[in-house]
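To keep things simple, chains are lettered A, B, C and D as they appear, and every chain counts its residues starting from 1.
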């Protein structure tokens, strides 16, 4: 699923702090803000509902006013003033430069590699950034939990120049082996994407409630490169189902700035109010 | 070429009478009117410039007000009030229900078989209704006369439920073997269309200045079924480069009615005036 | 050629037990009223195709109309799961359904192939995903010009496509604007088409991002104001998000769902807001 | 990302000797002014792609800019032959050109494949036609689902697409309406895009049958009123049919064509009406 294509909006207001420490922001806010900062002005960005939309709107309101947002529903270069409730929210169409059919979105925009950045969420991720949004369990035909499925994710993962994955980190989500590869990251390491003919470069960042991971340029395994303020390396390791690699010079993510928090809260508040 | 995609407009006013006899109409007018009469109300018709447009506008103004005209330029259900000068004349767009891109015309309208009737013209035709609009001569690479080429014709010939071919009859145009098959009729007889996977039924009428030919239901060879008023069987045979089959009960085409001639002349006159 | 019919007559004529149906509309212009009428007419054994089987297909599945679901993203957008879908798929209530699952790109291109009169379409997709192994109607195809393999998806040609649009004119042409998803392709691909519309107008006025569906592609038009509720119709009404949220509770257990069916669909009140 | 440039600067930057260029526009919005600027800048060895190489390519070919023509219908619509094309193809004046010939459906789908980032597209076409044997970049392909063969056409990805449109906004987005032919696909398929426009506006107003090309797909926009003359620009001016008819005489022999080149293109007067 594109992040939040299911219930991330609800999650935004419900989440509690992972570290237990009192902080003037919650982890969803931190994830949103960290994601927002990765977006370069002028980039063409394939956005989903929830955190990606919040991050994109925040980026457009601050350092990246020319961010070019495309949603799979067909809205091209849209500039939503409030958080969209669904991937095809009227706000996205009303504020778009144009709205086109889905064949044009997938065949003309996504497939040939026009998209710089695509956002994905997941229920499970492995050390090579492969993700699962299809089911939890041992059998496709008899799943323990059935998830929404691929939506746009499989081809977003394949064709965007960069992919940013947003996911909360835990032993349930960061697993040694995911139950189903819905969308391909780096497969089982270097050369896997090429073997499958995928034109995009794969995951660039995995942004979690613990910190930020990037693939090692050689091995393609995810490495923890930054910790959010107040999170320890031990916590990140503890919440990972594999032997997590940690960068030698690990950074600390900059704390949320006031304007970032203000904008994110304003967006989320308006969205919740809308649904009351 | 779709009929008249090149110089048929000019030809309409220049043509002289084939029979030498004095008649109150010329052969282009007769061809236009005969073509017009074949069009059933409500049919979806793929039209070209020149005689097909004149015939279609005449039909819409008389017995077939709901004729649904599509031009390859993308105009859908258009209702031109004057003769279009080109396949993409502004008049066609202005009077259309909608205008779409050419991929939609060829892939969604023509290819799946939505078109009931397609008009084609040709420089050469053979006894099985195969036509040539590519070149005259012995060699594709070194032609005696280079013609415009296929345009929409090849797939019109393949996919329309019926094809109507409009062509002046002579030993130069009705030939034993055409120099190049641009658009397929019945190949070398029964079963040929099926072999090539063509979904349309092939030529239904060939309308000439001599009369009207139809394919024999069994052999698929063109048979002269109607002579225009004042034309003799001998003239039709004389103007055919193969041993022309003639129907046992050959008909005489109804003379042009006054309203038909009036409308055709009005359309052609306006068109000529436009180009003066 | 389109005829103006009542919704009941349109469904009765063009939707049959065992048909493959596609109720399209991506978030916007979802033909809820038509879906409810299908339930009301107690159609069975439908193969139900839709990119996003959200509430509307949860309702059809819960009511027992569906035997197979063809889809690419199944959820209640912004809310959570489709409980009736899960209950039918995982527990067989009220009937066991099978699924055929795609990606949006894949299912969209199944419609494109169907619209194009081709048995297949080609794309870059699925490779690397386990979905490729699980899903029928996909295959690989070799490029005749390069040394690469691509995905081929089989055409889908539903027996009937059902969409909701803003306007019809008196000649039975239909105009829609805003997000149209894969509706155009679904219409071209289908053997019959039913359109429910908000309004019947004398002539269309230009709108940004509008598409027009000519009457020759349509079989029945039913005038059903608010026929997309609780989704939205740009220019007419907004999405009723509360109804999406409320659906979660309604659909969570069989009893509350059956009460909803009785009250809102089979009962006197219909399913109007 | 689109920049507003003079036409001369746009051609100078984005059209190079040896490039594959596609000047699109089907009867409507033909980028004549841009074509004339290419002649003026004396580009050579172009592979010139266009469904209908009418006057504009006759002029480029006569001026010696073209080494290969990729097309699907070559003629002066409503008038007759392209004399400069025939002279170059059949007699090698001023330079010998080669041709690659398609049908409209085939060449349109070459653009579609290019726009889709695929090396090929598939269609029902060419079969039974001798064209199949004469033309490169076509092949057959087997359906993976049925026992049928289809035509595959190779993608075309021009170095530069050049189109004429009615309007650009100040952000460098472009809006066109009326007949747009295969222009959208040509733009998506090309590595660079130049657009000449009639007018620069603050904001677009809704029009029937309009398409918008976002600035990220465009490299250069040149404000060239009447840049499609003698073709037409819906909402701005009509086709100058006399110019099409007059071209027949101008192009019929080399001398009158060279005089036209000197007077209208290389001379002071340009090629304005």
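Keep in mind that, in the parts below, contacts are C-beta pairs under 8 Å (C-beta built on N, C-alpha and C of every residue); 3 or more make two chains touch, one makes a residue touch a chain.
These numbers were taken from a predicted model, which means no experiment stands behind them.
K.L.:
B-D versus A-D: which has more C-beta pairs touching?
P.N.:
Pair with the higher count of C-beta contacts: B-D.
K.L.:
Find the chain most remote from chain A, comparing centres computed as mean CA coordinates.
P.N.:
Of all the other chains, the one whose centre lies farthest from chain A is B.
K.L.:
What whole-Å value do you get for the distance between chain A and chain D if each is reduced to the mean of its CA atoms?
P.N.:
Centres of chain A and chain D (C-alpha means) sit 41 Å apart.
K.L.:
Could you tell me the distance, in whole angstrom, between the mean C-alpha positions of chain A and chain B?
P.N.:
The mean C-alpha positions of chain A and chain B differ by 58 Å.
K.L.:
Could you put a whole-Å number on the gap between the CA centroids of chain A and chain C?
P.N.:
28
K.L.:
Would you give the residues of chain C that are in contact with at least 2 other chains, written as numbers and ranges?
P.N.:
116-118, 123-124, 148, 150, 185, 208, 211
K.L.:
Identify all positions of chain A at which a residue touches two or more other chains, and write them in rising order.
P.N.:
98, 107, 111, 159, 199
K.L.:
So with touch defined the way it is at the top, what topology do the chains form here? Options are line, ring, star, complete, other.
P.N.:
Here the contact pattern is something else, fitting no line, ring, star or complete shape.
K.L.:
Could you please write down every pair of chains that are in touch?
P.N.:
Here the touching chain pairs work out to A-C, A-D, B-C, B-D, C-D.
K.L.:
State the interface residues of chain B toward chain D in the complex, per the touch definition above.
P.N.:
1, 4-7, 9-10, 49, 72-75, 85-90, 92-94, 96, 98-103, 106-107, 110-111, 134, 140, 142-143, 146, 148-155, 157-159, 180-184, 187, 192-193, 196-199, 274-276
K.L.:
Spell out the residues on chain D that touch chain B in their complex, using ranges where they run on.
P.N.:
Counting only chain D, the residues touching chain B are 26-28, 51-52, 71-81, 85-86, 89-90, 101-105, 108-109, 111-112, 123-131, 134, 148-150, 178-185, 208-209, 211, 232, 234, 238-239, 241-242, 245.
K.L.:
For chain A, which residues count as touching chain D in their complex?
P.N.:
Listed in rising order, the residues are 42, 44, 68, 76-77, 97-98, 107-108, 111-114, 159, 199.
K.L.:
What residues of chain D sit close enough to touch chain C in their complex?
P.N.:
Within the complex, chain D contacts chain C at residues 116-124, 137, 139-141, 143-146, 148, 150, 152, 154, 204, 206-208, 210.
K.L.:
Across the complex, what residues on chain D touch chain A?
P.N.:
Those residues of chain D that touch chain A are 1, 115-118, 173, 185, 188, 211-212, 214, 216-217.
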